[in-house]
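A, B, C and D are the chain letters, set down in written order, and residue numbers restart from 1 in every chain.
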Amino acid sequence: MILVMRRSATPEQVQAAVDRIQALGCQAHLSAGEERTIIGVIGDRRQLDEGVFDLLEGVEQVVRILKPYKLAGRDFHPLDTVVPLREDAIGGHPVVIIAGPCVVESRAQILETAWAVKEAGASVLRGGAYKPRTSPYSFQGLGEEGLELLAEASAVTGMALVTEVMAPEQVPLVSACADVLQVGTRNMQNYNLLHAVGEAGKPVLLKRGMMSTMEELLMSAEYVLSHNNPHVILCERGIRTFETYTRNTLDLSAIPVLKQLTHLPIVVDPSHAAGNWEWVTPLSMAAVAAGADGLLIEVHPHPDQALSDGPQSLRPDHFAQLVTRVRAVAQAVGRDL
Amino acid sequence: MILVMRRSATPEQVQAAVDRIQALGCQAHLSAGEERTIIGVIGDRRQLDEGVFDLLEGVEQVVRILKPYKLAGRDFHPLDTVVPLREDAIGGHPVVIIAGPCVVESRAQILETAWAVKEAGASVLRGGAYKPRTSPYSFQGLGEEGLELLAEASAVTGMALVTEVMAPEQVPLVSACADVLQVGTRNMQNYNLLHAVGEAGKPVLLKRGMMSTMEELLMSAEYVLSHNNPHVILCERGIRTFETYTRNTLDLSAIPVLKQLTHLPIVVDPSHAAGNWEWVTPLSMAAVAAGADGLLIEVHPHPDQALSDGPQSLRPDHFAQLVTRVRAVAQAVGRDL
Amino acid sequence: MILVMRRSATPEQVQAAVDRIQALGCQAHLSAGEERTIIGVIGDRRQLDEGVFDLLEGVEQVVRILKPYKLAGRDFHPLDTVVPLREDAIGGHPVVIIAGPCVVESRAQILETAWAVKEAGASVLRGGAYKPRTSPYSFQGLGEEGLELLAEASAVTGMALVTEVMAPEQVPLVSACADVLQVGTRNMQNYNLLHAVGEAGKPVLLKRGMMSTMEELLMSAEYVLSHNNPHVILCERGIRTFETYTRNTLDLSAIPVLKQLTHLPIVVDPSHAAGNWEWVTPLSMAAVAAGADGLLIEVHPHPDQALSDGPQSLRPDHFAQLVTRVRAVAQAVGRDL
Amino acid sequence: MILVMRRSATPEQVQAAVDRIQALGCQAHLSAGEERTIIGVIGDRRQLDEGVFDLLEGVEQVVRILKPYKLAGRDFHPLDTVVPLREDAIGGHPVVIIAGPCVVESRAQILETAWAVKEAGASVLRGGAYKPRTSPYSFQGLGEEGLELLAEASAVTGMALVTEVMAPEQVPLVSACADVLQVGTRNMQNYNLLHAVGEAGKPVLLKRGMMSTMEELLMSAEYVLSHNNPHVILCERGIRTFETYTRNTLDLSAIPVLKQLTHLPIVVDPSHAAGNWEWVTPLSMAAVAAGADGLLIEVHPHPDQALSDGPQSLRPDHFAQLVTRVRAVAQAVGRDL
């Protein structure tokens, strides 16, 4: 950490800051500039709040130097993490396509979708049994029954399963049938839930909050990792901006930036960001061109009858076209599906 | 709901849209304009997703007319809700000042703060036993022990108590000692938690998500209200914007807008939005001038030793000055403390 | 400036950075921490881009310490600037109310409005002759004829006049009749225009860009000030956020923050931010409670017939009520109108 | 346009709204729902502000149906516009690469860069003679001398030239040497400038404002088009969001969305959005995968000595790698360079 002293700071204030730093078990290095004195704080200070120094008399600004995450960063873990998933893996050479409906509606719907996406080239099945909905009057998912239907679809098709868990008390039940526990965008900072999925020992697909910075995403990953669960998959799904034409603004810059900051794999969900199925294919191609390790795509056999997120769901035939076009891009960037 | 048909929509597509509307138990009213045909959908459609119509052939745009919330709105509840709180109330004539430390650190700290804020003019005590922290390495609160200390401080001072609840399983314990259950900004769309506090039957102080629109805040209030809990207090605490000088941007426009849309009382937390105690007093005065029913202020006897949020906490003497200045504004707008 | 070296930086890279700093005429101070070495750059570096150091091998981050503005800041100009305006002034004890129509439409309209706002308590007249409009098909203002009508209204009522100038070539004409040259929100970073109004020698009312930070606002003020024009009035008028219920989000925190950073006076335009006249009065009261030096209010004798911005314009009778309520708040905070 | 009446609107208020609509030369179509009456306004209303109806008694909401732009939209111009550029064109089958330094610094620098980018595969040269800079103390470009150097570099290499014009009075001079006039992000709503470049008759590269919606971008294009200049190239260059790790958030969703809304070609500038050269190549590949018609890339022979934007500039060797990788993606999506 670096303390920047005010122009008007007195020598006594500088000394008091140095004393405080030393009292906290750190060392202080002074640099006196023409307009400002700055004080470097030396020592491992990840646990220290900037706030500890902010209020000292004469301090103008406190600049944090170390990144606030350690397990999620590349400093001590330079090699890419590959998350194993049955016979597949996320974060290795192939780009993984995860597909399925927003929410399980019936046995017929989930089985039909699972077979269709498998045939088209998806290797992992997604689908929601518990759905966070903005309105208390909207369909909230089939719950436990939905989990059973997902387990069946996963079993008969042989696809690994990703599904969302919304509360700590759901973790045991969801862990029993899912290969990957999804933490949704509205729960990215639900710390009790992060704690619970950290301890569940299953891979976690952590969706970026729609108004969370990349650093906050990595801090939430750190919560899971700090419970000895090394298998976190980050998911970019669009952030909230002033633009209203798309539901959210897909932040594809997050891919190269996160690849630099972290060893964790990164998948992209273009369906929720776009909010319109017609834009999902170009955004999927763009995500893979930018280096994404996987895609999360909403597919529904009859989008116009979907109970949730119909407008952004692809029909199976459109999804098959998406896979073909994405494969061409994956190959152009030296990967494959 | 209104369907706007594409310029190129055929008569068959218009008819298909009408058929679909009628199949859903609603009526369709057509208006053929020079460039577009529009179709009004008549019937109570709060439960219907716009998505149901979005994918019909020839539909360009679906416009929602009714507000998606009903219990929180003024249409069927024109009079202001007043939330009772021991001998006080929030939402009536007096402006209520809720004050206390960000987090309970020790018996001495909470008792000292409680007496100090009471003496200065606060009528409700706030303090956190469970704290959502961005970093897993930061102090997370004293938990159950913190609740006991809060209960003691509330008992000896006679002040009502507001404290945060972070997960459904904490609701019984927190309800046993708190007068108001606070739902934090990161949990505004934690629907399992909203369900649980809705059923607890205690007043709920619902903080606006830092990434949430006013409509989403009202939808989250609707979750609580729909569990037969009429006592929701809305709290504006700053939204996330591109501006980084303040931690968040306090949205004081939300006060007159929400007063128009809803009958629920509105309090303002300037401490978290500002992130700097020096700006808390002018923002408190502004909030009351704009019509806020209450303030939520962080006070700490020794901010430079606080374990959390020290920079934004007022010392008791500064808080006493705040109360004096806020009282003058309250009287100028025809209210009082 | 401070250079934070990568954990992996070699001694040669550190030395190269030091050499570069010295070659630029500055001094380098090293602090070697446990995980990172940091290098303080000593010397007046307002002219230096951070970019100069960003690309040096081994540099992880460059932290700017000095604020990038000098004339606008309080470091070398601690006392408040008071901008003289005929017999009035902005930035002194009284709060100044500037009012008038969005745009001059006719002689009758501007004269009627000018007399009405003067009678209600406004001391400065505003009105647009040149109007930036999002659509090329909207009314763009009366231009030179509008200026003449404004000059007449100002002359007969004795009120000082604020009006917008949109391009450098309009500056001479506008300066001939206006007391204050307004630079609009879309032109806050139109540097050719800032240059021109800087040289005109008239007070400048500089509106914050709707997506500009406070620091950028101060940098634009610096452009004007650096042309030896000391009379800049800053104007907060709402920033663009994800919230769509209000047109923009009025950032009242900007008042105490800017008061700390700069000596320039600050006025608030709640009309454009709100986009709805019903919210203008509470926001005006809030602005004054937070410390604003003035208000900029849109008033139209017949808002439902206005050619521009009708919905946010107050009728003269509502404006008179606003002035009464704002005066009460001004007195409560120790000022007056 | 559609007027949604309040639940409490009286029959007299509905009639008054109908009368007003008819007085404006339009027709009114009523639909009486269970909770609200809605009135469709029939007639060409692009010139009408919503504000005209907003203030009528009993009106709750005014919904615009027609898009506010006409010339830029696909309704009356379904086929893609191809902008001719010497022997090339933007908007046709090949993806066009525009490259060069942020700003012309010297004859040697611009000539070296021009030859290098041409050799690597760029077909259009970019470079700034007039530079909008946030700080009045930063290098502002060589002005007229810079234009001459650009003209020379364009002549000797045979590359078409894109350069920025900042003010109406610069248009004649810049038009004399440039093939395409660039309007910068801070000038997207500088209407006097849009007017001037519209009349210049040269192709215009219109950068999206960092604070502008896609609809506002199309409205600014409409300004140029309405001056009988059909050759507008839209440029996505990143929008301002809460995320600070990248300078701006590149909005690649804008590509498929704009392709749907408009016939104008779209190029992407990843350099300014990223602010870091290391992220420019993956973002360029993503842009082409998403359907961009061209790229605008900053290249500098010695980025660490650049007078502006060094950190985001590619060295010629890195640029050559970018071109190779982008070509592979272009071919994978059925195009080429």
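Following the convention adopted for this analysis, a residue touches a chain if its C-beta (ideal position, glycine included) is under 8 Å from a C-beta of that chain, and two chains touch if they have at least 3 such contacts.
Nothing here was measured: the structure is a model prediction, and the numbers come from that model.
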Go through the assembly and pull out the chains touching chain B as well as chain D.
A, C
If you take the chains that touch chain A and keep only those that also touch chain D, what is left?
B, C
Counting C-beta pairs in contact, does B-C beat A-C or the other way around?
B-C
Where the centres are mean C-alpha positions, what is the separation of chain C from chain D, in Å?
26
Please tell me the distance, in whole Å, between the geometric centres of chain B and chain C computed from their C-alpha atoms.
31
Averaged over CA atoms, how far is the centre of chain A from the centre of chain C? Could you give it in whole Å?
38
Flagged in chain A as touching 2+ other chains are 211, 240-242, 244
Which chain A residues qualify as touching chain B in the complex?
46-47, 49-52, 54-56, 68-69, 132-138, 140, 166-169, 186-187, 189-193, 209-212, 216, 219, 222-223, 226, 240, 303-304, 306-311
Within their complex, chain A touches chain D through residues 211, 213-215, 239, 241-246, 249-253, 255-257, 260, 273-274, 278-279, 282-283, 285-291, 325, 328-329, 331-333
Note which residues of chain C are touching chain A in the complex, please.
2, 4, 7, 29, 31-36, 38, 40, 42-44, 61, 63, 65-66, 75, 211, 240-242, 244
